[in-house]
Amino acid sequence: MIPQSHFLILGAVLFATGLYGALTRRTAIGILMSIELILNAANINLITFNKFLGGPDSLGQVFALFVMAIAAASAVIGLVLVIAVYRNMKTIFTENMNIMKW
Amino acid sequence: MVKYAHLIPLFPFAAFAVNILFGRRLKKASALVSIGASVAALAIAVMAYIGNACGGEGSYTIGRWISFNGFSLDFGVTIDPLSCMMLLVVTVVGTLIQIYSIGYMHDDKRYSRFFAYMSLFMGSMLGLLLSDNFVMLYIFWEGVGLCSYLLISFWFERPAAAKAGMKAFITTRIGDTGLLIGILMLFFTAKTLYFKDLAGLGINDATLTVIALLIFCGAAGKSAQFPLHVWLPDAMEGPTPVSALIHAATMVAAGVYLVARTYGLFLSQHTSLTWVAYIGAITALMAATIATCNNDIKRILAYSTISQLGLMMLALGVGGYEGGTFHLMTHAFFKALLFLCAGSVIHAVHTQDIFKMGGLLGKMKATGWTLIIGGLAISGVPPFSGFWSKDEILSEILKGGHPVLFGVAALTSLLTAFYMFRLIFIVLFGKPRSELHAHESPAVMTVPLVILAAFAIFAGFFRPVKFEFLTMGVSIAISLTGIGAAYAFYILNNKLLPASLRSRFAFLYKLVSNKYYVDEIYDALVIRPCMRFADIASGFDSKVVDGAVNLTAYLSVIAGKVQSWFDLYIVDGIVNMTANVTWLCSAILRRFQTGFVQNYILIAFFGLAIMILIKLIGGR
Amino acid sequence: MPFPLLSSIIFLPLLAGLLILFIPKGRTGMIKGAATAATGITLLFAIFMVMGFDYNNTLMQFAEKFSWIPQVNINYHLGVDGISIGLVFLTALLGFLACIGSFGIKERQKEYYFLYLLLNTGMLGTFLSLDLFLFYVFWELVLVPMYFLIGIWGGPRREYAAIKFFIYTLAGSVFMLLSILALYFTSQPHTFNMLELAAAGSTFAKSFQIMVFVGFYLGFAIKVPVFPFHTWLPDAHVEAPTPISVLLAGVLLKMGGYGFFRISYPILKDAAIYFALPFAILGLINIVYGAFVAMAQTDFKKMVAYSSVSHMGFVMLGLASMTVTGFNGALMQMFNHGIITGGMFLLVGVLYDRAHTRDLDKFGGLGAKMPVYAGVLVVFTLASLGLPGLSGFVSEFMSLMGGFTAFRLITTISVLGMVITAGYFLYMIQRVLLGPLNTAWSGIADINKRELFTLVPLMIVVVAIGVYPLIILNYQSPAITELVRHIGGLLL
Amino acid sequence: MSAAESIRYFLPELILAGSAILVLIAGLFTGKRAVLGAFCLAAILLSIFCMPHSYEAAGPLFSNMLLNDTFSEFFKEISLLVIGLVILISIGYKGFSDEDAGEYYFLLLAAAVAMMVAASSNNLMMIYISLEAISLISYMLTAFLKRDRFSSEAALKYFLFGALATGVMLYGISFIYGIFGTTDLSVISGMLGTAGANSLAAAVALLLVFAGLSFKCALVPFHMWVPDAYQGAPTPITAFLSAGPKAIGFAILVRVFLKNFFPLFTGWADIAQAVAIITMTAGNIIAINQEDIKRMLGYSSIAQAGYILIGFVVGTSLGIQAVMYYLIAYVLMNIGAFGCVILVSNSIKSDHIGEYTGLAKREPILAFMLTIFLLSLAGIPPLAGFFGKFLVFASAIQSKYYMLAVAGIVNSVLAVYYYMKVIKFMYMGEPRMVAREHKPLSVKLALIIALAGVLILGLFPVPFLRWIGNSLL
Amino acid sequence: MNGLIRQLSDIVNNYGLPQDFVVQASFYVLAGLACAFAFGVVAMRNIFHCAVSLALCLFCVAGVYLFLNAEFLAIAQVIIYVGAIVTLFLFAIMLTANIKDRSIRQANRQVLVSACVTAAILSFFIYIITGNAWKTPAPGAAVLAGPGLDDIGRALMSAYALPFEFISLILLAALVGAIVIGKVKK
């Protein structure tokens, strides 16, 4: 039997990886991908807990489902924004997006 | 009759109000307003005097001035021989001098304002004399000081006059603060501010001494006692009638009056009295010596005033209340006379340097003879008034058993006689030293002279004359010596006198070589040491004492500058610094907002990590 | 319900100000008229108030009290007693005279008079409100118009001076707000009512009192101003237009002193006693230091400004003394200083309007060209340097008498400070009026009717109080006695 | 209460959602922003009208997804007020092209629905979803100036930052789910005694949720997006961002922490205290030298959030009242200020503070209004902002949080400087001559409402205080 | 899929290995792969490859779901993520970035700090996770297999109706917004 914590650690690792990516990727798209990883980490947690709570309740899974939907929505918006920026500034590198500072 | 005494000051005040408001329209009439007021005051003063003389001893209350719970202060008037006498003197002299001023100021462009100030002064002075408590006295005390300031710098276009006025006010003010502190101390130790309670205060001597000395500070400032006397000679920048009234007869006497008024305070312990005596002595001698070598007619008189006041203080200091106050009165008359004569002379010759004058007796009979009378009076030649008072002072000193002080007094009166007659001889006798078109002054000026001369002669008999033949002889001898010496210098070798004293020495040597031995002896034995001492004294006065005053003024200005610098750069600097520092922080902190989104995220999560860490360490 | 006299005194100017907002820009005559009328009627009301005031009754008179924000027990509570009545009258009087004095202002008059009237409302409200919250509101309300009045119509460095004044005073008053809140939550039942707090004052712990007192102190001391919080004052005074400096020196400084009288001392008596010595020392520093700094000034206005620093020192000294004499002196000194310094600033303004400079060294001999001006200036100067017979002396003397009971040495030194005062004032007179006429001003005109009209009433007050101080003492001394009895100071 | 029965108490939201769709459709036919805006306003008024009736039965809705209580009602009304004002001022905003008007208003109304749901949601899952909804809509609105680099860059930064923040929050919520076995707040608050509740995990999970919310409220260190987003976004949207999400954020903070997690929360109030102090200090200090007024107001709104957080940290009923009162005042004065900024930029085509010089001479009334709003933000009596600060500090003093109070006081003095800087420029300078633009009626209306609100709230706060008192948790 | 694994395990059992060895082994393999691909997402130079490895990572995660009795979620994961989102990413990449050159640096300047912060946070989380504060079924209560597809469906229509509907609004809004911002009139 696989212990609960191992699933959670998998989630934590994904979370950390996503965070690292979000902090270090140069392209906006890269950051978006990393964010997807973070959302997945959360999802893993939810589903894990749902199982190990051992009840009839399906909250965890439903929540995870909703998260997926929202992730999809936010991915759409994020990518549209990336495209808009690319359209106006011809770049996807975040360090070039600093016309507003200080 | 006494009950109207409180009206006395009101007339002059009214005159002041009228003149200051309507002076423009009144023009010459303003003089009459002031004089009328003075005459009215005089009348009531006479009534008061008589009433008092006939045993109507009455101090009474006018009204409440200030009161809050527990503390209340009523203003009232004191009627006793001293105040009555002074009232008479002030009103008489004041009236005469104002009449005199009609002539003296006739073509001045601020004619009416002059008389306004004069009346203001009269009012304040009379109020001062009448006041029965310290606060009231202090109010009028400052009032007369103000008037002296206004009148000294009356011709304010002359920078010297402006400066002199300021100097006078400040110097006296220094004394006045002493007086104020004294008053405060008195109130909080003795819980009274009335003169009548001063006799038997149940306070220990030490405190009492301090209070007395503080009050004496005020007196010294007003009546130009060493070391606060420096303002008086400069005060001569004012119009001569002013010098006569304020800086000879009345205001400067206020100091002596104050000491006399609070005499009970001094009598109850002797330290302060001794101080008074010695200060008086120093002043008297120093001023007299200076006077002997000065060439400015008014300054000579000013120094003589100082020395005479010193004499009065000395008298009071040795317990000679009678003599002091008596001399106060007589001095008022003859010194006023002398000043007015000087004024008349200056009016005639438009100079104040005695060595530009000479032989005026022929041209100006009235002025000349009255001047001589005044001179005799101040030199203490019987039967002139000065003789009686001075003689009384001397005898009191002797009785008090102060040989040293007696010597000083004697020397002073010798010198007095000398410089007075030096002045008289140079101005009135001999030939004119420069072409002057001198002419007698108009009657409006000479009549007061004559009247004052009369007072100068007979004022001595206001009080019963008492004879101590020893001192009388001594004093007569002294005065005659002085006069004789002066005669010897300035009449005998009159033809040989050059314009200026200094250059005369060389000339004397030439005379010696021309076998005029007498002059040599004179010169060797008397004049040169005398002159040198005088030189040293006046040098001391002008450099050290006066210098000290100026130095303090200068230093305080410097201090002011330093502190304003401090204010600007330190106190304010701190304020501005905080502002700048904030601005700097802002300039630095905003740099975190790099515009690079992943920096934002990094910062955010860094903060988050720290928070979690805190939780992990802090637990729960 | 009786006629709300105090409310009408406070809000009449505000109403007039709002009215002015609807007068077209061009009609300057109308605007001036409205403003003058408003301030004049306010003065009339103030006079009615003084007439109807029974000065043997130490309770609050003409009191008005309505619930304003019941949730936090805030009331609209006005009242006047012997302590505030003099200052209210002073404010109304100066408000009226300064309004006439500001006819000289030519640009943006509409805004000017609106703000001016708003300022008046704030000042009057501060002196009349008995609810700490209301008091604070009015207190802050004063700052805003003052900021604009200095910043728009001021001198060359006006913007710096204005913002400095604003932030400086605000910084002080916010700490006052904290203290107010602390009082509110400590009192049982929670209240902002000054009178109830004063009654409950003895129940507060001493340490708490000290803490709160310091908070209030920051607020008031900056207004007074007490060394070293005085540096906003020279800037503000110098840059402000004449009528505003008049109010600034005449009224705003008094708000600080009034605060001590109305709030700090009655409510926090233990702390007040605890801080007596520091107060005395600060008073001394103000007197001497201010005098020295004033002596070094070459700018006429700056000199007068620093002279106020010096004079307000007497208020501190009198307060420190904890005696009836000292308190009377301090309160009276506030009134007199308001009148005298107001007059001084008006006079400076008169000269500045003609010469367009305030550099004392540039004048000289003006006494010959403008005799009337010279006379008036001399009177105010003498009053200011404490010449007996004029108002300044009475209050300073009383403050010193009070101070002397408690602090001999300090008071003695302060007296010496008066010599310096005489020094710099006479030095000013000499530089401006005396000496040979500076030919640059040969064409200068003497003071005119309007300016004289603004000055004569002040002169009358100065002389009247100087000659017969009871006319003001009668009003204040019963209340002061009550206050001292309440604090437990010396009934001397 | 099950879904079917809940519907009738969900009427206001439904009305708005429906009218959102209608506007979207209407947008295909007409591009007139005034018309569409008027329609939206009508919808909003209608839903406000329906609101009281929907409170006949206050209580859990949709099987306790939402909790219908006065507290949520209060914040729903605030949200509607915000949206209404934003719609008014965006009618007069020149930046938009009419082509997308329908979508624009659709998004605004959707945001309104999301905010109302968020205000009343009683379930962490619901909270997450509704907050995400608000965020997503905000991102899109921020990017609404399609051809403007500032707008799109701001939107992308905002998005990236926000997505991460909400991700973290989601992660935290998942932990809470693991600890309590549910995300239903009212169930959770019954289980606080259990061992798990007091575990470290619970604390950290709460911290993560707090992080997500402090992104919404723009609290340090999750404030970094604010200046850029505010500067780049179209001004009406800036007004919306500064008011709407922040209000909702605080509502949820109060609901989650002070209502349900209070026993756990007390443990780490010190962190929140530090956050409050740092937030206001940083906001004020950086705001001091900003040249762009929108950016400056951004920093100032960070500082304001710090003040509001004081009331939250104190956590007493007075503290919560202070938060709620301050939020009304804040919404009014901030939107008012941005409205003025819109009018100014319409005429001088610039948001640079230096360009405001002499505005008072050219546009006296506008300058006067902006002055009032700024003074209110600075907390000068007798304006709304002052009374808000007063309540906040009062709550701090009452609960002996002296350090917080002093910090707040000092900050409010600091803040005065930069507000006054703008006023100085407006009143103490010579105007650059520019033709006076006519001002759209709608914006005037919005400004008048805001001004009246600011004055009334300051002078006669009694009814509002009563309202808040009734709306307490 | 569970059936498949069961058959596998039967086969393995014949070789005398522990009961659910395969189950466990395959979980750890999947988890490892997921982590590896995740690392690929954040580490690879070519953004196109990143997207691909994201897809694979998500696929493995879907696999992990199977071990949590969440078949429906696993399938949803595959459809939504791999099917929709990653495709979207690929489109975006093609629209914006130039995928040909592999030489561009993919990590920015703050790698080091980020690594530290991430490591810290990761360690915190693992510390917490191992703390085992999680709610567990009361002892003796029958541990159910967890909700089946029908449970989820019923829940969606009853208890979670509101969020379910609400998300539709979100999606609509996202759609509309995306169109508005995306389309530009030439």
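Letters A, B, C, D and E mark the chains as written, and numbering starts fresh at 1 in each.
As a working rule, a contact is a pair of C-beta atoms (placed from the backbone, for glycine too) under 8 Å apart; a residue touches a chain by one contact, two chains touch by 3 or more.
On a predicted model such as this, the values are computed, not experimentally measured, just so you know.
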| item | value |
| --- | --- |
| Any chain in contact with subunit B as well as subunit E | A, D |
| Mutual neighbours - chains that touch subunit C and subunit D alike | B |
| Per Cα centroids, the chain farthest from subunit C | E |
| Cα-centroid distance, subunit D relative to subunit E, in whole angstrom | 34 |
| Inter-chain centre distance, subunit A versus subunit B - centres from mean C-alpha coordinates, in Å | 98 |
| Separation of subunit B from subunit D, taking each centre as the mean of its C-alpha atoms, in whole Å | 80 |
| Distance from subunit E to subunit C - Cα centre to Cα centre, in angstrom | 74 |
| Sites on subunit E at which at least two other chains make contact | 108, 110, 114, 117, 121, 124, 129, 134-135, 160, 163, 167, 170, 174, 177-178, 181, 184 |
| Residues within subunit A bordering two or more other chains | 8, 15, 18-19, 22-24, 31-32, 48-49, 53, 55, 57, 59, 66, 70, 73-74, 77, 80-82, 84, 87, 94-95, 97, 99-101 |
| Two or more partner chains touched - positions in subunit C | none |
| Touching pairs among all chains present in the structure | A-B, A-D, A-E, B-C, B-D, B-E, C-D, D-E |
| Subunit A-touching residues of subunit E, taken from the complex the two chains share | 20, 23-24, 27, 31, 34-35, 38-39, 41-42, 47, 50-51, 54, 57-58, 61, 64-65, 67-70, 72-73, 76-77, 80-81, 84-85, 88-89, 91-93, 95-97, 104-111, 114-115, 117-119, 121-122, 125-126, 129-130, 132, 134-137, 141, 143-144, 146-147, 151-152, 155-156, 160, 163-164, 167, 170-171, 174-175, 177-178, 181-182, 184 |
| Complex contacts: residues of subunit D adjacent to subunit E | 2-3, 6, 17, 24, 61-63, 65-66, 99-100, 103, 106-107, 110, 113-114, 117, 125-126, 129-130, 132-133, 136-137, 139-140, 143-144, 146-147, 152, 175, 178-181, 195-196, 199-202, 204 |
| Subunit E residues touching subunit D - in the complex, by the definition given at the top | 124, 128-129, 131, 133-135, 158-163, 166-167, 169-170, 172-174, 176-181, 184-185 |
| In the complex with subunit A, residue positions of subunit B that touch it | 590-591, 593-598, 601-602, 605 |
| Residues of subunit D defined as touching subunit C within the complex | 360, 375, 380-382, 386, 390, 393-394, 397-398, 405-406, 409-410, 412-413, 416-417, 420, 424, 427-428, 461-462, 465-466, 469 |
